[in-house]
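In the two assemblies presented below, chain A is common to both, partnered first by chain B and then by chain C.
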Partner chain A sequence: MTRILPSLTGAPRTVTFGAVLTVLALGGTFLLDPYRNFQLATIAATFCAAAGLTLLIGLSGQLSLGHAALMAAGGYGYALAANGLAGWGVDGVARFALALLAALLVSGLLGLLLGLAAARLRGPYLAGLTLALVVALPAVTAAFAGVLGGDQGLQVAYEGVPEALELLIAIEQWQAWVAILVAGVVVTTLAVLRRGRLGLRMRAVRDDDTAARLNGVRAGRVKVTAFTVSALSAGAGGAVLCAVTQSVSPGAYTLAFSLLLVVAVVIGGLGSIGGAAIGSAVIVLLPWLIGTLAAELPVPAEVAQRLSGNLSVLVFGALLIVVMLAWPSGLAGVRRRAPAVAARPQHPIPSVQQSTTETER
Partner chain B sequence: MDRLAFLLATGLARGAIFALFALSLVLIWRAARIINFAQGAMALVATYIAFAVTGFTGSYAAGLATGIVAGAVVGFAVERGVMRFARHENPLAGVIVAIGLVMVLQSLLGILFGQAYRPMRAPFDESPLVVAGVPLLSPYDLFVLVVALAVMAGLAVLFTRTSLGLQLRASAFAPEVSRILGVRVTRMVTIGWMLSAAVAALAALLLVPTELGLNPHSTDVLFVYAFAVAVVGGLDSPVGALLGGLVVGVVMTLVTGYLGATVAPIGVLVLLVAVLLVRPTGIFAIREARSA
Partner chain C sequence: MSQQHTIRRIVAAVGAGAVVVALAGCSTPAAPAAEEPPPGVTDDTVTIGTHTPLTGPAAAGYSSISAAASAYFAYLNDKGGVHGRSIEYIVKDDGYNPANTLTVVRELVQEDDVFAILNGLGTPTHTAVLDFLNENKVPDLFVASGSTSWNQPEEYPYTFGFNADYVVEGAALAAHAKAEHPGKAVCLLGQDDDFGDEMIEGAELALGADGLAHIERYSTSNQDVTAQIGALKAAGCEINILATINGFTALALGTAAQLGWFPQWFSSSSGADYPTLVGYLGEEVGPQLLQGFTGTNYLPALGGDDEWVTLFRAINDEYGEGAAFDGNTIYGMSVAHLFAEALYAAGEDPTRESLLDAVTSGDLAGNGILPLSFSADSHAAYTGVGITVVDQGVQDYTGPTYAVEDGAVVEVEPAPVPLEGEGVPGA
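Coming up: the complex of A and B.
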């Protein structure tokens, strides 16, 4: 992207790049059939959460196993607000926007609370706390079954295509548009933060807490901010997923899903937003692909069922181990390494930007 | 009042198992500075093997013994095969590799045995003994308590009174110095993993018949609770694991008994948050040097 837009630098370039990619993705929906568009919307929603998580793990070094619960918080916030607004007769884009705000509020608050705890905790302790959070989610929804609907969860009213576009696009495509737009805004914001002061401070705190504090970085505040930002993006993802699937329930946000988000982040490359995009696509598409293949195999139905449920988890687990042991910078690292070698003769003095990308690993 | 006494007694038996599992996490933490998130899944592999052996021979003791040995073998395989290659400079690497291991082991068990629950029978009666008109522990609970306490006592003797225990502690606390003094540190780490995995397998074997039922995910809950126990006690402290286990066991049983099983995970979450906010490294943890 340096070569395409050499005159733009810093945040404006990131924003331009994000906007271009978003428009390209929006255009891409015309090439896909309805089911593919639904999958694309799911990927976009997952991408919001994965991008937030990759920022948290890769830059600030805090591992959260509870991001599914934060997505669920966004989903429930969205569903409650959307249903309330529907009762008052608000609908269309206004309802979506207001409900999305409510989702951000709920997930942001939860993230802030968790972040306050996280700022005091080191790696394994934080991982355990967030693990307990996601395990307790079904219990929470059961305890407040009156509001949250217990195991059934909540249903959300159908979000139709706006009249102006009704002749042009189908409902699945409209949902994909909404998901892509939200993901575009969320992820561009994350990318700007990552390049800016917050990103620098997060890396400083991750690499050496004490040195960062000696340089006047308030380590606790940086950690809390990182967790809250990451929770906000997870909440946005949960809200979009709720809007697309028209429901939210504890069964959709299990520990397994939380671990899948970690898989997406790790195979893409810790801290890399582009990697999180690839990882999100992989975790959405691979189970579907394996399920389709297993159904085609000439084996008894029971065996096929066992395979379709477990084979993708097996592949993901193996990927996680192999990538982490052999290739810790993930897919993004492969892409980053190749051009860096080629470009070196032209840039004898490494720019600040290059050296920061180096330390991200 | 009768109910309270019964719940307290059952809670102690259950807490002893949590303590045992938490102790296994503490063992690995002390030996390798890794929280082994795969501990539950590894113990489950051993439990499936024990289940098969008991089914084949008809003997509970044979199953139990095989299960513990299998646990140690799994620990050996995991340490030598995978964990050894995790980078130590990045503390997250070990955790993430362990998570990958959980996914691999659970899905393999799922593919081999399916998702159905298999009933695993306890070797003793599970109806409570009545003492002075008050129903208390069942014979099986008593068996669990005795086994758990005996194993913990055995481990305490091993670590404080034997040469192997000294070497294990030395290589955990000062690997470089120990290496200079001729301790085979890598071997000690492997032994630590084997011990830990065997203890975890025993804990799972004790809990599966009464509480969990055999299923590729049956130890998830055990892991989460035992992890809570280890954190509450302080990851460095075996005594913390023991006391924490008993406390969490009793609290959980009381919450389940009076408020229902669905609320129990919330109880654990609240306990974790409360303890971590007051003491971020657990109640019995050794104070670390100030960093800033």
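Coming up: the complex of A and C.
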């Protein structure tokens, strides 16, 4: 990548690449039919959350199993704000933007609270806390059923394609655009943060808390910031998913989904944002692929039914094991490792490998 | 090196060109020409689809519905189908989870190109796709739920309900409780969504605004109703009206029995299927707990010897792949039969419009104990229900038939639709 436009460096370079990739993805939507565009929008929303999570786990070494709950916080924030704004007669892009802000506010606050706890907890204790959050989600929505709608969740008013584009694109493509734009901004911001001072401090805290403190890094503050930033990305993802599906319900953010986000991060490669993109695509597309395959296979309907529900879990497990055995640094590491073996045997161990051991502690 | 650069430039230029061509040409949403056949209809098939829980908390109570509909369609296809077209029925699992429903219904509409959605199951689940189906102008026929949401012809012109609505069911059960057991404390246990809300609305229609002595709610994500049952017991309830799906009806009865409490149970048709409840409670205690269990229904009753039941039993034996015959089987086959009737009425070359016209024409008969009430201004199927009671393991109509007319509960005469031919429209 460094061979293209070598004169551009630092943050401007990251932003430029982010913008180029976003535009390419926007163009790509023209090649897809509506259902694929819907899947693309879902992938983009998941990518927001996974990118935030990979930063949190891979760089700051904090494990969160509750990112689905943070996405849900964003989704509910978006839905409540969008419905409120609809009552006031606000619609179109203004409503989306304001509701997105509300989603960020809600998820950011929740992330801040969690981060404050995270700064005082380590490894399994933090994992337990975040796990409790996602397990408690259905109980919370049931307890405040009047506001959050219980199991049924909340519905958001339909938002059509803006008039100027109505003749050019279908609604699914417009939704994919919105999702890609939000993902582009979120992920580019994350990439800039990772390159910058915060990224450096996060690595320092991850690798050696005490050494970092001795060097004047305020470890607690770095951890809280990392958690909040990660929660904000998850919230943005949740808001986009709510806008695309026009609803948010606890059933969409189960423990299984929360664990899948971690799977996406691990399969893609801890700490790698490109890996998070691959991982997001895998977790969104794989269940659908398996369902389609199971439907095509000449097995009795009853067996196919049972397979479509459970086979994806099995395949995810198998995939995780295979990827970890073959490419310990994740799918994103495949490309990086190949030339390293052939031409540059002295290539340093990618830092992501260290982070794998870190999170296991 | 410079050669490589040139190659890279050429590749980049070609790539950019491809993107530009793609931008210009593809994906503009073109309106289909009027003469083209609608999605899902070919010369010899009509493809329709549904979403239903095959896994999850509601599966055991309802997964037999889509299987029964499939069995009826297999029977119908063997008899020559509708206007020479056989019906392909795609069943997708949503696990009774609204988030999954949206995904599978999108798949049915955009990937499988279904002509219509038939009998999508569940109030919370179907609510999630109501807007999507109507925006895409997909006929959304005979939703398997009694929510009044499906009866909004102005807002949702493509959606039609199948069940008697929950307001009617709640009103009928409460009116029956008041008439048969005057002075007893009537309470309600309801699902934490529109299902529960509307049953409460109906019960209060019959009993007055403070007529219910106590109300408890549960959510399907929590499989423990001990707290709710305890509260009902403490409130001194004597008759409990249930706005519950089958699994939670059984859970409520079982939990109460464990507390040594045996009040009277009055259940909505959605959670009152006797064989299903026995399946949950077990062959040993089920029949004892369910003696005198009161429910509502608007279709031929399982315990009756109606000719519809005889026909459906025969179809189930031949095409049901060994499935047990219960109230859900009758329900599934009734829905499938009604769809066949609508498709037949839609004409030789059905379109989505002609299908909707056939339903709103008011000419469909169905097979209920009361006439269907579909019209241009009503997208509700049944506006009245009969009362069923379980006696010695037989669930049949015993009590009166109630309907809601102009906001009041009234007793009406049942008028069952007789079976014509072999249950194949147009044959």
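The definition used in the following text is that the second predicted complex is superposed on the first by the 331 of 361 C-alpha atoms of A that agree within 3 Å, B and C clash if a C-alpha of one lies under 4 Å from a C-alpha of the other, contacts with A are read in each partner's own complex, and residues count from 1 in each chain.
In the analysis below, a contact is a pair of C-beta atoms (placed from the backbone, for glycine too) under 8 Å apart; a residue touches a chain by one contact, two chains touch by 3 or more.
Since the model is a prediction, treat every value here as computed from it, not as a measurement.
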Partner chain in contact with A:A127 - chain B first, chain C second, else both or neither: first
Which superposed partner A:A139 touches (first chain B, second chain C, both, neither): both
Superposition-derived comparison: chain B or chain C, residues of chain A touched: B
Which of chain B and chain C A:F38 touches, first, second, both or neither: second
Which of chain B and chain C A:V262 touches, first, second, both or neither: first
Partner chain(s) touched by A:N83 [first = chain B, second = chain C, both, neither]: neither
Which superposed partner A:Q152 touches (first chain B, second chain C, both, neither): second
Touched partner set for A:Q173, first chain B, second chain C, both or neither: second
On chain A, positions contacted by chain B and by chain C: 138-139, 142, 309
For the chain A and chain C complex, residues of the former touching the latter: 24, 27, 29-35, 38, 138-139, 142, 145, 149-153, 155, 158, 167-173, 245-247, 249-252, 288, 305, 308-309
Contact footprint of chain A on chain C as seen in their complex: 19, 22-23, 26-29, 54-55, 93, 95, 97-100, 102, 106-107, 110-111, 123-124, 127-128, 131-132, 135, 192-194, 217, 219-222
Residues of chain A defined as touching chain B within the complex: 57, 61, 63, 65, 117, 120-125, 127-129, 131-133, 135-136, 138-140, 142-143, 209-210, 213-214, 255, 259, 262-263, 266, 270, 302, 306-307, 309-311, 313-314, 316-321, 324-325, 328
Touching residues on chain B, where the partner in the complex is chain A: 29, 35, 37, 82, 85-87, 90-93, 95-97, 99-108, 110-111, 114-115, 220-221, 224, 227-228, 231, 235, 262-266, 268-269, 272-273, 276-277, 280-281, 291-292
